[in-house]
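First chain A sits with chain B, and in the next complex the same chain sits with chain C.
Now for the complex of A and B:
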């Protein structure tokens, strides 16, 4: 049980990568990439967790209350927003790929080669 | 490469990854036994040093401010990329959406959707600004607030039409807001340099009460600019994607 969250990380990463490798549709592939990226959130928050600690907000608690690592939380926070924007960019590429090649199957796109 | 071969290559690689990962895990401290001094040190000193009670925001907008600047520019680049990729291509024309099916009517937006969207637009703007301006106290900040503000414009689209959405968020204005958001963040850093301080140094008066809205110096200001940048970037991205769906058509014949 001690390493369970890190095993979950590997599992999320694994299913996401499997989805990317076997994908037959670009939108599906982009969704799988989001799944892969989600594993980083679990990893970051898992690494910074301290048993029995609270969130690092000291508005109404003393500064000596045990709190989890704020650095990894800050990383996860910006990660989420950037991921949303990058996903939009990838979806825009998918739209143009479909216009140009008439297919969204990455395995067919490879054989077309523009 | 055939799909089944591709799968086998992946499974072999995954098996190797799992072996190394498990081996690596055995050397790590277990879950909940965080060993690093950095987080603990920040939790102890951030409140007295920055007068911000939200240490995550203090890390984002002060201690790790330079990294966040980079991340904000990823957002700017992604939004610019969407605009460029979704431009009108040769052989395409832009025209407003018209009904092409003659034998049935366009379903009107239901009153329930319109009412809900209109009801939520105001509160969403308020909550968005509240989030963007309270980075120093609570789990909020420019990133969350910006997404909320962008949501308000998407509600406008839901309650009305694409053209209303465009009127509320003209591309020129959104571009300017986005530039101000990204540039403002960088300019705060440059102002610190101009005073002979390190880049992004928190040079504003910190206030005396930790967690007050006026406390924590540049953290509030940077969070505000990030809010502008994030909101504008998301409005721009959504607008481009909607335009692509609703306006741009392949030139026929």
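Now for the complex of A and C:
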């Protein structure tokens, strides 16, 4: 039971990486990146989870009541903010690619000359 | 306690906000924005120089909001400036100042967000160097990453620039998430995010498999940032398409920051307690040497000058990693000097290429053959910088490489020296080939096959967009 969240993390990470490697569509690629990042949310929350504990709001509960770790929740929130910024930027790139070149296929966008 | 350590991040961020706010009001008077950005970057450089001098008397620590550690537990977030971190941050600030000054003339028209993004990039790099908190290391890593991705795609007129930026963004973000996974695991084991505190915990408790896995995940993310083989493929694509002033920062300091992160995490978090020191050292050394050789070979066969310089950066990143892998104070000192020297020399080379692109409209070595003769001063500077890149005295690169060589020799690894000399010959030689061919017309004019000529013509047509930049949104 204790290892279950981490198995899920590895699964999500693997699926996301597989998607990124095989993706042929920019929006699909960006979604796969979000999937990879989602594995970190599960990991962080899994790390801070305490069986039978309550949410860490010490307003109307005793000081010694077991609570889940609030630090990892703050980390996960920050992680969400980072994801929002990165995803927005990448989707803007995808919009630009579609507007200017009429394609969302990463292979077709390659026109580097060396 | 003074607040200098907080100001080096606050000043560029606040100036970026001010530029965003003032941009629409100023209309065509972009010189005001240029001056604000240069002023902010230069003031950060001065502040970091002051901090660097102070670190001679011991590391400087700043606790945000005055949340100092209580009973050995860090409850706040801190900035720690050692001579290495302050020095690297100063290098970043100096290069941003130089890049912004160059942009004054380089872009005929420039969008407001360009200045703001450059300053956010600077804040990200400074924060990454100074942070004492391992989760913040990830946040700064992504902050400088996001600014760099946006700057790489600053001029999305070509298919290549979007592809380069996307490749860069996806690869680096995956790296950041791997690092974050490692950070999550290490927090789960130690209950701490402050690097010094984690280091103390690991020093007291025998490390197990989980700590090793966490170390590997964190390092994997940083290796991607550092463009180490097999994670190097994004760098050349990104550097070839980014605007020249941005290339200065990507090549001159951002790649090195990834490697600095490895050194930082190893020395201050995991250190000797992790064990497997010889194995880790061997793996890093092998990766570093492989990267140095691969980068040098690609550099030599490249005709696109910006891509050539990008491959030379990959080669040098390999040498830096090999120097770090020795895990000796002398090796690390050598890497620090080498990084500073390389950053400045590489910046000079990229800026010269920027001038060539601005004046002659191409970065293709074959097409440019002999056409750079009128740019006398640029030619002299480029040649001098090429000497620096080839690790010749009296440049800092020579001194830094000398330290690494000496440290490798003391380690019983004399062959490392030979590999480094070979790589320096290949990368320095390629850049000399450009210097001699482009600026002095030396050697036979390369035969212009039709494909090359077509390519050169295409590049010429692209210059207008280079020098004018996209319209303000």
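Note that the second predicted complex is superposed on the first by the 109 of 114 C-alpha atoms of A that agree within 3 Å, B and C clash if a C-alpha of one lies under 4 Å from a C-alpha of the other, contacts with A are read in each partner's own complex, and residues count from 1 in each chain.
Note that a residue touches a chain if its C-beta (ideal position, glycine included) is under 8 Å from a C-beta of that chain, and two chains touch if they have at least 3 such contacts.
All of these numbers come straight from a predicted model, not from anything done at the bench.
Which of the two, chain B or chain C, is in touch with more residues of chain A?
B
Is A:64 touching anything from chain B or chain C once the two structures are fitted on A? First, second, both or neither.
First partner only, chain B.
Pick one for A:86: touches chain B only (first), chain C only (second), both, or neither.
Both partners.
Touching A:101, do we find chain B (first), chain C (second), both, or neither?
second
With the two structures laid over each other on chain A, which partner does A:18 touch: chain B (first), chain C (second), both, or neither?
It touches chain B, and chain C stays clear.
In the superposed arrangement, which partner chain does A:78 touch: chain B (first), chain C (second), both, or neither?
In the superposition, A:78 contacts both chain B and chain C.
Return first, second, both or neither, reflecting whether A:33 touches chain B, chain C, both chains, or no partner chain.
Once the two structures are laid over each other on A, A:33 reaches chain C alone.
Please report the chain A residues shared by its interface with chain B and its interface with chain C.
17, 47-48, 71-72, 78, 82, 85-86, 89, 93, 96
For chain A, which residues are in contact with chain C within the complex?
Against chain C, chain A makes touches at 9, 13, 17, 20, 26, 29-30, 33, 36-37, 39-40, 43-44, 47-48, 71-72, 75, 78-79, 82, 85-86, 89-90, 93-94, 96-97, 100-101, 106, 108-114.
Of all residues in chain B, which touch chain A in the complex?
3, 6-7, 10, 14, 17-18, 21, 25, 28, 30-34, 36, 38-40, 42-44, 46-48, 53-60, 64, 67-68, 71, 74-75, 78-79, 81-82, 85-86, 89, 137-139, 141, 143-144, 146-147, 210-211, 230, 233-234, 237, 240-241, 244, 250
In their shared complex, at which residues does chain A touch chain B?
2-7, 10, 14, 17-18, 21-22, 46-52, 55-59, 63-64, 67-74, 77-78, 80-82, 84-86, 88-89, 91-93, 95-96, 99, 107
Under the touch definition given earlier, write down the residues of chain C that touch chain A in their complex.
Interface residues on the chain C side: 135, 139, 142, 145-146, 149-150, 153, 156-160, 162-166, 169-170, 173-174, 176-177, 180-181, 184-185, 187-188, 193, 237, 240-241, 302-304, 307, 455, 458.
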